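Multiple structures follow.
You will see subunit A twice below: alongside subunit B first, and alongside subunit C after that.
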Partner chain A sequence: MTRLDTLRGPAEPLDHNARTIAALAVNPGCDRRALLDAAGVDKQKTAVHVGFPAPFGQSPFAITRAKSFDALVKANGCAHLLRLLRDTLDLSISEASYADISDVGGNDDHHVRHTRTRALLKRAATDGDGAGTLFDHPLLKLTVAGHEVYLEPAVIAFQIEGRFHIVEIKSFAVIDDQADAGQVAAAARQSAVYVHALRALFAAEGLDPERVSHNVVLVCPKDFANHPTATLLDVRQQLAALERQLSRLPRIDRILDELPLGITFDLETQSPDEVSKAVATVDARFAPECLASCEMSLFCRAEARDNGSTDMLGRAARDELGGIESVPAVLGLADGSRLPSTEQLEIAEQLRYVRRIYTEAVA
Partner chain B sequence: MEASGIHRFPVGPLIRCGTVELDALEKRIAELRSEIRATKAAGDHATVRTLRAELRTAERAWDDALEPEPEPAKAPLLPVREQVHQALTLLGVPTATKMIVTVNEAFFAGHITTSQLTSLRRDEEKSFRGSPYARPYYLCAALTSELLSPARGLLAVSTWPMQNRIIGPLSPRADFLTSATRIAEHIMRLTGAGEDASPSAYRLLTRMAQNIPGAVDGFDQADPTQVIAAAGAELAVHEESDISHRGEAAQRAERQLNEVTQLFGAGLKTARTA
Partner chain C sequence: MSIMSSYARALAVQTGCAQPVATVRHVHLSAAPMVFIPLKLAGEAAAPLGALVGTDPANPRLLLVPQPRNRDLRFAFMAELAEVLLPYIEGFAGVTETVEAKTPYERCADAPQLLVPNRGGVAFAKLLGRSTRFRRTDGPYPVHPSVPVLGQWLTFLAERAEYAGSSSLVSMTDALALHWATGQSSMEDASLATQLAWIAPPDGKNGPEAALAAEDPLTSPPAGPETHPDFDGQVLVHAIQAYETSGSPAQIREALRSQLEPTWTLMWQGVRLLRGLPEAATVEARWARDRDQFTRETARLADGGFPRGRVDGAVSAAIRLADLESALQAYEAQRAFDDPLVMTEHRVAGKAFSGEVVAVDATRRIVPAGKTRPAPRPLVTIRTGDPVRLSPGRRLVSSRNRKQKTEIVDITGDLVVIQVNDQMGRGATPAPGSLPVVGDVVCYAELDPGGGQRPRLPAGEDTPWTHGGPPEPYMPTDEDAQEAWS
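Moving on to the complex of A and B:
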């Protein structure tokens, strides 16, 4: 039993998915999220337990819609998908092989599935033509913050002429060849995670990672019908951003070393108070953007408010304030009631200047 | 109080009585009318209201009795497994439950739902384990070619040759093309016999044809002969490799598996029969 298992308690670990990794990469400085995710703690339940249930999560309608569209595209041996790939990427008629890796002989253990994913993809990559075209539900592994996580995919890996592509099926509509920019950006960020993980797998198997294309096939409903259409999406930019963020993520070991021994987030044995205290021992870096992507955000916001932290003013304001961590400190430096330390001299002078302009303006 | 009073009179059972009972109803209506007049004269308004409600019920029953008998065919004539067997026999390949439901609806006017099929395979397996070969056929699993484990979500018929029940890498596509051909052939059989297939049958064929190269032009209704030709052309590309793959796996299955696992699949985990 590792230290992370102790933190989680007896509950089953939650899987990472592209959504969580994309969210993690958006806020790389947050130790709390990195640790909770690495330990596979159910953040939603934890937030409810400590009294800050997040009004956050996918709507059940959206999930049902996404599932039914996904089923439609993959129905009848991926009939729709094959048509789209033949149209957009000139897939030859003879390439129609399909392998489902959502379980291996009725066994859906992660390790078994991952081993099979590797075996199938390696065979497809080395044997050349006819050794596999579509691979549904490949289970990929990714090193996040020095810790290996399985990536439960909602995608298909697809091979054409020795190059592998990620196929991402999304249920937002492409109307008149235009899709919602925000949705496409989110899809691109998530696809980038899969491309990254697939490249990591190729590298681990001694294959050229560049054989995984940076062009992702995005499948969406066309116009107002439920008829799927496909477009190629270049995710090079997202991929570069993701790689940089992942490399900057604090090492989990470093965070663990700083934690007091015997601490746990076990929801069954610990009272809400104890869990809040345990969670509070890990540093968070709250930003207003967290509210859109993290289940713990309301807890962190309340904590930031209690501490009078400058975090809740947003990243831009926090960075402008040059490392002063609390709002009372900022005000104190501005009105001269608090003496600046040597490294605060410059920012203190600027604050006093701003205060002078402000008082003149409102006087 | 008044509402409960209505039911004191035995008109309800007369409703579904058919033409023979019209006389009885008319007699009852005449009786009620005279009764109402008498009660009204006596000034008992509460009873008048009850009687008039009763009269209306009787009159409605009389109207209903004039109508022809409702079609009893709405109730399923065949048990679910028979209906599934019928659809699978038409398609001739291992098929996902959703497709079975669609085919059953389009060609056999059936009303099964996917949720009725979720436990079907497990029930069949239980029955087979209890008394093997007691039924003329079993609805069983299709087997994956590599591990001979049950393929996810597919149903097949036990009387098919083992080779047809194997799912290799190309089989999903080959089976899709085969089922499109079988559906087109069935529509042609129907039209050949002077009947016409239902609009939903054509819709199903068109939907499938849209994913077969050259089977349909744009969003037009698919033409069965064109679909058969196009599906056949693509099938010819996959057939050889698919059949050799399936044949090899079928031999292996017959060699390695016992009679239960030959039908319901082997797995890395023991069959989920709990």
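Moving on to the complex of A and C:
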């Protein structure tokens, strides 16, 4: 049993998915999230256990809609998808094959599925007979913070003439060729994770990683109808950001070394108070953006508030305040009751001035 | 976001109560604004679920779609919404005033004002407009005649909302954030309930406590347009099912009422808070722009104007962009000159300064560049304690007279010398009162309330080939009118 297993307790480890890795990469400074994810801890249950259930969830209507759209695109051997691929990628796909790797002969073991994914993709890459080939639910593996994780697949890998594309099906609408910027950005970040993982697999198999295209095919409903449309999404920027962030992720070993011995997040044996204390021993880096993506966010926000941390005001506000860590420090520097360190001299002078004219104007 | 507003946020944390970032109200508020709180079905592009709407705080009208997936019921909802909104909007068209200008023209004396809870509400109003404005009252999928008209108005209002300083369609959380800094992040300020909890916490609670309580979805349901996922799963699913089996929307009505009424109360609380602030000097002038645009749209629709196409042509897009920029520039400047607290942001940034006049050379005359005869160009010296980050040659506007053009001649230590270029009368010496005098406290800023000039652009039919050539004018098509809405 590894140290990470001890941390998690007897519960089954949770899989990473592109969403969690994208979220991790958005906040690479957060040791807490990195460790909980690496140990496969169920953050949702942990958050409930310590009394801070996640502030988000998914509506059953959204889930149903996403599923039905997914099914529509994949119906009849991905007929819709092939038509869209012909149109957007301008491909002359005469025939296409489809392989679903969500299980291997009824076995959905990760190791088996991953081995199968590798074998199929390698064969497609080396044979390259020109025909379009679709691989649904490929199980990819990724090294995150020095720790190998499986990626729960929600995409299709598409191979044509030796080139591979990631196809991502999303149920947000593209209206008059415009979609919600936030949702497109999130989709691009997630797709980048798959491209990254697929390239890693290619590299491990001795194939050229560049054969995996940085252009992702995004399939969404068009306008107000259920009819799918496809767009090519260039994720080079997201890919570069992801690679940079992944390389910056603290090594899990380093975090583990700093932990007190005998600590565990086991929900079965530990009281809420004990789990809270255990979680609090790992440093978090709270930002309000976490509220939309991390199950532990309310716990971390409460912690930030208790500490009077400027993190709770948002990254922009914190930066404006010269990166000073706590609210009392900001106000202390502003009213002169606290002496600035050498690197705080400039911001302290600004704050004193801000305080003077703000007080003047409010009075 | 500036160091000033961030400092105000830090103060809010310390005091447990939101802090002012404005001393006057920068948005127009109608005597009886139309509050509109729409809800949509999760996962769908633009499926209305219900709405609470009305101008009387005591008497909101609840509209609903008992089965949000049913297209006919959606259009019935839109027709019902039109019953409320169209008489309100069109009611303003009748009363006009004559505007004194080079060519005098008629302008509506007042215009409609819609208040929605947040930016999501504005975006959803735009989508509702987009999904209904092309519809026809005949043909394969006929709709009630009021539906496409409402679609055109919603499109118009959502478009106005993009212009800085417009008050035709206002997001309440944005309006409140313009005047108060809370002790939470700007992202969390998008939640009306928590934002108001910081601004006006109920008795016995401080801001953070009230905000925490306001995060409970049971007592403070989301202000829309998305509903809470737990509400969807635990209440709405069953209510829709009950409608499917019994044909009675009673259960959905109750469910939606429970989600909408708390927000309704908050919206009017927001209105009261904003009304408590005195109106800023230029709000009236900006509202006149809204009335101008409303008058033009009324006339356009009366002439049978086509709905706006799906995409803009190159020239109209460039014009729009230039106008948006100019509106933003003018708005920022006007807000700063209207409100010393807003001006402090620019003073902190070094783009403006305030101080006392220590010397005036009113008799100075020079030959301005490009002229042949000497003209008065007085110098005014101001002593300021502000960290000025401007250099000689920069053009400034004075808070005494926003039309007067001045420029910096010299900055030495805490002394700034500026040259006054116009607004001094026609005489050989400056007219009395056209210059500040020694001892005056003045404020100068590199901000132009005029908004700058729109660049010269070709007419639509002269669009160059680089921009796709002259665009086909939009003609309504059958395809647009019959577009699926599933």
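Here is the rule we go by: the second predicted complex is superposed on the first by the 309 of 363 C-alpha atoms of A that agree within 3 Å, B and C clash if a C-alpha of one lies under 4 Å from a C-alpha of the other, contacts with A are read in each partner's own complex, and residues count from 1 in each chain.
The rule is short, and it goes like this: a contact is a pair of C-beta atoms (placed from the backbone, for glycine too) under 8 Å apart; a residue touches a chain by one contact, two chains touch by 3 or more.
The structure displayed is predicted, hence computed values, not measured ones.
In the superposition on chain A, contact is made by A:D223 with subunit C only, not with subunit B. Contacts of A:G308 after superposition on the shared chain: subunit C is touched, whereas subunit B is not. In the superposition on chain A, A:R355 makes contact with subunit C only, not with subunit B. Comparing subunit C and subunit B on the residues of subunit A they touch gives the larger count to C.
When the shared chain is aligned, subunit C comes close enough to touch A:P55, but subunit B does not.
In the superposition on chain A, contact is made by A:P288 with subunit C only, not with subunit B. Once chain A of one complex is fitted onto chain A of the other, the partner contacts of A:G162 are absent, as it touches neither subunit B nor subunit C. Applying the stated contact rule after C-alpha superposition, one finds that A:H80 touches subunit B and leaves subunit C untouched.
In the overlay built on the shared chain, the residue A:G336 is in contact with neither subunit B nor subunit C.
Of the two partner chains placed by the overlay, only subunit C lies in contact with A:E320; subunit B stays clear of it. The contact sets of subunit A with subunit B and with subunit C never meet.
Of all residues in subunit A, those touching subunit B in their complex are 71, 75-80, 82-83, 86, 93-94, 96-100, 102-107, 112, 130, 132.
Residues of subunit B touching subunit A in their complex: 96, 98-99, 144, 147, 149-150, 152, 169-173, 175-176, 179, 208, 210-211, 213, 234, 237-238, 241, 265-269, 271-272.
Here subunit C touches subunit A in the complex through residues 1-11, 13-14, 19-20, 23, 41-46, 127, 130-131, 183-188, 208, 215, 226-227, 229-230, 232-233, 236-237, 310-311, 340-341, 343-344, 347-348, 386-387, 483-486, going by the rule given at the top. Within the complex formed with subunit C, the subunit A residues making contact are 55-66, 171-173, 175-177, 221, 223-227, 288-289, 291, 305, 308, 310, 312-314, 316-318, 320-321, 327-328, 330-331, 334, 350-351, 353-355, 357-358, 360-362.
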